[in-house]
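The following pair of complexes shares a single chain, chain A, combined with chain B in the former and chain C in the latter.
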Partner chain A sequence: MTNIATRQGGRPAGAKVSTHRGGQIASVIQWSAERGIFVVTGVLIVAAAVFVQGFASVVNITDVFHRAAPVGIIAVGMTFVVISGNYLDLSVVPQVATSAVILIAVSNSYGLLPAIVVATLVSLVYGLINGVAVGYFKANAVIVTLATTYIGLGVLRWVSGGNIFFGPRGGTIDTLGQLKFGPVPLSALVLVFMAVLLGFVLSRTGFGFALRAYGSNKDATRLAGVATSRVVLGAFLITSLSAMIAGFVLAAFSNTAVSTVSTGMDFGALAAIIIGGNSVFGGRGSILRTVLGVVFVSVLTNILVLTDIGYGWQQVAIGVLIVLAVSIDALARRVGK
Partner chain B sequence: MQDRSKTETAPIVIEADAVVKQFGGVRAVKGVSVSVREGEIYGLIGENGAGKSTLMRMLAGLYTPDAGEVRVGGAPLQPGAKSALAAGIAIVHQELNLIPEMTVAENIMLGSFPTRAGFTESKKLRAVAKSTLEEIGVAIDLDEPVSRLSVALRQFVEIARAIARKPRVLIMDEPTASLTPAETDYLLEMLQRLAGRGMSVIYISHRLPEIFRICTRVSVLRDGSLVDTMDIEATSPDDLVNKMVGRELKLDLQVRREAKPGAVVLSARGITAPGVRGIDLDVRAGQIVGLGGLVGAGRTELVRAILGVDPKSAGMVTITVDGKSKRINSYRDAVANGAAYVPEERRTEGLALTMTVADNIALPNRRRLSTSGVLKVGSIGSFAKELAARVELRPADVTRAVGEYSGGNQQKVVIAKWLGREPRFVVLDEPTRGVDVAAKAEIHRLLRSLVDAGAAVLVVSSDLPELLDLSDVIYVVRDGEIVGTLTAAEADEKAVMTLAAGGKMVTSA
Partner chain C sequence: MTSLQQHDIASGSLDRMWAIGARRPEGRGLILLVAVVLGALLFEPGVFTAYPATLGRIALIGLVALGLTAVILMGELDLSVASTLAVSGVVMAMIPNLALGIIAALIVGLIVGAINAFFVVVVGINSFIATLGMLFALRGLALVLSDEQPVRLADVDDGVAFGAPLIGPLTPRVLIFIVLLVGLHVFLTRMRAGREFYAVGGNRAAAKDAGIPVTRRIFTGFMISGGVAALAGAINTLERTAATPTAGSTVLLASIAAAIIGGISLNGGRGSIIGTVIGTLALGLLQIGLALAAVQQDIQQIFIGAVLFIAVVTDPASLRAVAANLRSSMGRGGGATAEPMPSSPQPVAHQ
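The block that comes next holds the complex of A and B.
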């Protein structure tokens, strides 16, 4: 007997009808949840290369990479928070902007190394505040990170005075920001490096294992003797450090920084994570899925730009995809695991 | 008592005619026919996974049969839970489906809120809820939020919700699993009363004495097929057990172990927590200590406070392993010092149901399965397989999600994950609740082998025969205090229940 029989709540009011209308529908949903993104992303890229003019050019590919990198780096980090079952970290917005501003402004005055040290410290403070509030005090992640977003943006605007900071032309940051290997910019390699590293952490370490278990069942994981508060703190610290690196990449690319540079990147990252097929309920997911989500969204956006379909339609398309992805996830959960 | 002559000639209210239900490639029910008469209490038994729940869900319209049909009063049942309700079929599930924040009255009326123009009619709601509670003879405050009720009272609210729809057929799935003997008596009498008024009851239980007490007929399912349907006079507990397991199973084959307890492993002093009032408790190596008492007496609260799962307001706990004593200040301390906990709620607290058996087993053992934080992926599978074999998991496929297994096998996985740590102090809360006969025997065997290997074991059980059978010493808990100590020699059901229910104090030498 499968778990379906024992899991059904079965409200007498008929709120829940049997989910088993047919094994076929169930298996299609299962398949979509598990493999959908792989196929869809592949098809999209092939279709774009064949049908969209200007897609398969070096300049365009470099552009796609450049645009994908910052959101992608945030997303691979934030995947840890999503898999822990804590939805998202809204405060990546001020974190990215703060790290971008610090990188440019502090290096202008004190040099690159102090800038990186300061940015790292600030990033750890964010991760600690979010992680302790959510992990140790069991506060709701959405609310906590909403609060740190307000605080962070406020502090950043106050300290930066809303100014735009410019790095010196041809300086280390500028050079790194423009560095390319063929069509592949350094930023994309940073994304790949982060994805490989964090993919390893999530799938192959005791911490990653405990995190996935925690996302699947908090109580059972705690009762297995796992220091669950520490695990959640770890997820937020990883997200914060990723956001910091995303801020570096963003600042280096344009050699400028401003407090509004990262607006919307919180939901951009979350959209990629969800479209990649990571479960919003926590527990199920991988870094590979997040990367595929990032690639998919970036390629789709690029196609819509190339074919001159307006920004409005891009947003509609991403919204529709999110609804699809979460529905498939929720349905897959109902028809059995 | 039921009036048999009346029910024998009564018309058939509900029947399943050669119903088949298949999930994926698995046939959960393979052409079963049963029919229930008006005013009859009809027993349905079988091991976990025998197809009882699936059959019942087909009768209640929650599943549509792949073949065959369900008829109510001679007419085929239309698919869907709504039409089953309209046809007068109500079901009380094993797991409670109440909304804790809502009041008793609101829960009873859930899904059938009386409304006028879209607004709820609170007067009518309360009136119907009140008369329903009166009908089943349970006095609960209508305005009490369900979250403040004991498990037993919640169960009665759930029953009241079913009765409020005035069903012709009431289906009950293991309603007594979390009830004390007194509450069970009350429930059984209530069912007999309802049956006396013409309601038909389909009663599913693992507890054979209950079947013999109230049912007129009983059907046995095994592996999705109907083994037999018998008049209750024409069968015996042994006969039913044999039919359930399909082989001769000697129930009393275990010989009582020679208890030779060693040094004290767990020492708890003055444990005080909500529902627990200053309890002292020792458990020795090679000893099984049983905690008896009524549901709500504070046994679960006690073990959780000892382990540090829930906070305690006072008291001290030490675990002594190999002559070294460690004070336990948190649950993680306890686990680090050799404690293992098999919680009462295995689905919500014992297992991550969406993860595989291997992952669940690996979770508490992840340190040993990794080198400097990196998992040895290759060794997880073989580690899990070895433990799955030790607990006789069936099927022994560690790559399957735990949620796909039956209750008994899930419990074996919970035990397996702790076995990997070679625990020295094991706490089990209701270890075999909702577990079939064969798995129960295997779990008991595992416990005995743990104790033989020198572990100290603390068992909470509301299943009296189990408690008596396993324990070397039984402490009876009432109102958060230990009210009596019984050795294996002097313990019997009567002694435990007398103490649990408030009889005189008994202390053994």
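The block that comes next holds the complex of A and C.
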């Protein structure tokens, strides 16, 4: 669909001599909105491998994977909420921390399986509350998930007492968290698995189709007889379950959990989704784009750390990239018309 | 049928109250404020004797919320206020002369607002995302400028003097809040440019057709919210006699919550400065009351979250949406899950 738009925007304009240059600029903009992230990510990785000392070492690559995995898993899930046109799920912050704390604390006392069951139940409750409020009550997703963030963090800190929980050294969680295949840790494989699974759901199932349709035109989708409220609920449930798995991965890596473990991951995940080129207006986007966004942000952050550029500049870079990515998207839409 | 009628009679006065609450966007905020005040009178009268602290707290959240109101009325959002507050505070503390510093801080805020508006109107980005980018970039800038350390104010004495009460118990911060609230209220209700904010938020295309300079109004709105955030940053820096690069991170969510509880619609066109003040008062009193009652901070957060959640799902539009949903699903399910559906226009309103 977007390919057709590119052709329509590019060719007729290019055919007329007077608007020839305008047509070229338009196709450049549209090309960068479509394919930009693929090229930029590739160039960044090659450049880093060549110019940045210590980037291409096994230790460093493992480190990049470890840092990218939790945010990546959240982002892959949250892509569904973004594509449904509901901006983001702020409450992934308490969800990730809660599942991390439950995994360590409950498995310390009752074993691994009960911990996973409890975490899944809690995650479903989050997804249901957010999804029903946004899907059925048509409430604004930012405010709903802001409220559940307040409640969730409050409950978590109250119940956990703000304590840090440690898993037993050499236990199942610890072993899995340290498991590596060459430079690739298990957490990265979990991210790949989630991306493949959710990519299939988004692009190949009826639910994924309905979600994308809803994101691009809410009224038309509803009038076509799709149970749109249920679709939105589904998007929030997927985000919640992904956040739970991200919490597991995070807890397993350090074998510890604390209520502040996931601070900033809400906007971090959203930044990756947007920089990957998913449209924040809903409707357009893919899991592959999200993964590329995650890779790009992680590699960039890693380069800035390796070259001793401070945390402040990292934030500036991410902010500028968000605005840049969305500006290209907005301009491509305009010239595509 | 008879049980339904009885129900109607019993809840008649409640209905009337609800009708007022639903018609005026400030209604639910007012109900909450009354409930909080009553609760405080019953359980924690200390809230009112400790009013200097209460007022200070309210003024901090309220100032940012006032600026946000101007933007949200036009159906836009400004997430960058938190970082604007931090950056302008740092800039102010870096300039040795206090007056020059404050002016520089305000200019920073206005520039940030203009940049936000540029991306929203000229480039055409969704304001939520544009200001999210600014939130990151400015937070980074604050950290870079301050070298990730708190910047001490050169002129500490003036900072201390600023925290002292000026008229009665009112500190300059509270007075600035009151002046700004009156000023913005007059602007949005009595002046042409301000009233046009509602038109821009209600129906942008129609506003444009009616000859309203939409672009200029949006620039004004973002510059108000940027400038007010910078003012809050300057006040914060004065009172603490130092600027922290991470200041404002908790203020953002609290001020959005205050505006929402005050009945402002995120879709634009509905809400008022009075509503935002009511929301701020309710939220501030609730927070201080719970703190004085020695309720743990975690549980205070749960309360605030619950209030916000209730405020957003009891929005009249939300209730209509869920009622329509129920009706359509009952139509499909043939009434198998039937609860009696009242036929009044706002069926779920009794709860």
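One rule holds in what follows: the second predicted complex is superposed on the first by the 315 of 337 C-alpha atoms of A that agree within 3 Å, B and C clash if a C-alpha of one lies under 4 Å from a C-alpha of the other, contacts with A are read in each partner's own complex, and residues count from 1 in each chain.
The rule is short, and it goes like this: a residue touches a chain if its C-beta (ideal position, glycine included) is under 8 Å from a C-beta of that chain, and two chains touch if they have at least 3 such contacts.
Predicted model only: the values in this text are computed from it and were never measured.
Enquirer: Quick one: is A:331 in contact with chain B, with chain C, with both, or with neither? Answer first, second, both or neither.
Expert: second
Enquirer: If you stack the two complexes on chain A, which partner ends up touching A:111: first (chain B), second (chain C), both, or neither?
Expert: Neither chain B nor chain C is touched by A:111.
Enquirer: Touching A:209, do we find chain B (first), chain C (second), both, or neither?
Expert: first
Enquirer: Should A:225 be classified as contacting the first partner (chain B), the second (chain C), both, or neither?
Expert: First partner only.
Enquirer: In the overlaid three-chain picture, which partner chain does A:170 touch, first (chain B) or second (chain C), both, or neither?
Expert: Neither partner.
Enquirer: Does the superposition put A:322 against chain B (first), chain C (second), both, or neither?
Expert: After superposition on chain A, A:322 lies in contact with chain C alone.
Enquirer: Please output the residues of chain A touching chain B within their complex, sorted ascending.
Expert: Residues 1-18, 20, 23, 26-27, 204-207, 209-210, 212-213, 216-217, 219-227, 283-284, 336-337 of chain A touch chain B in their complex.
Enquirer: Write out the stretch or stretches of chain A touching chain C in their complex.
Expert: Chain A reaches chain C through residues 87, 133, 136-140, 142-144, 146-155, 157-158, 229, 267, 270-271, 274, 280-281, 310-323, 326-327, 330-331, 333-334.
Enquirer: For a test of understanding, state which residues of chain B touch chain A in their complex under the given definition.
Expert: 22-24, 26, 28, 49, 51, 53-54, 57, 60, 62-64, 80-82, 85, 90-91, 93, 95, 97, 110-112, 161-162, 165, 309, 331-332, 335-336, 341, 343, 348-355, 359, 362-364, 366-367, 369-370, 373-375, 377, 401, 403-407, 417
Enquirer: What part of chain C is in contact with chain A in the complex they form?
Expert: Chain C residues touching chain A: 77, 119, 123-126, 128-130, 132-145, 148, 245, 253, 256-257, 260, 266, 296-302, 304-306, 308-309, 312-313, 315, 317-319, 321-322, 325.
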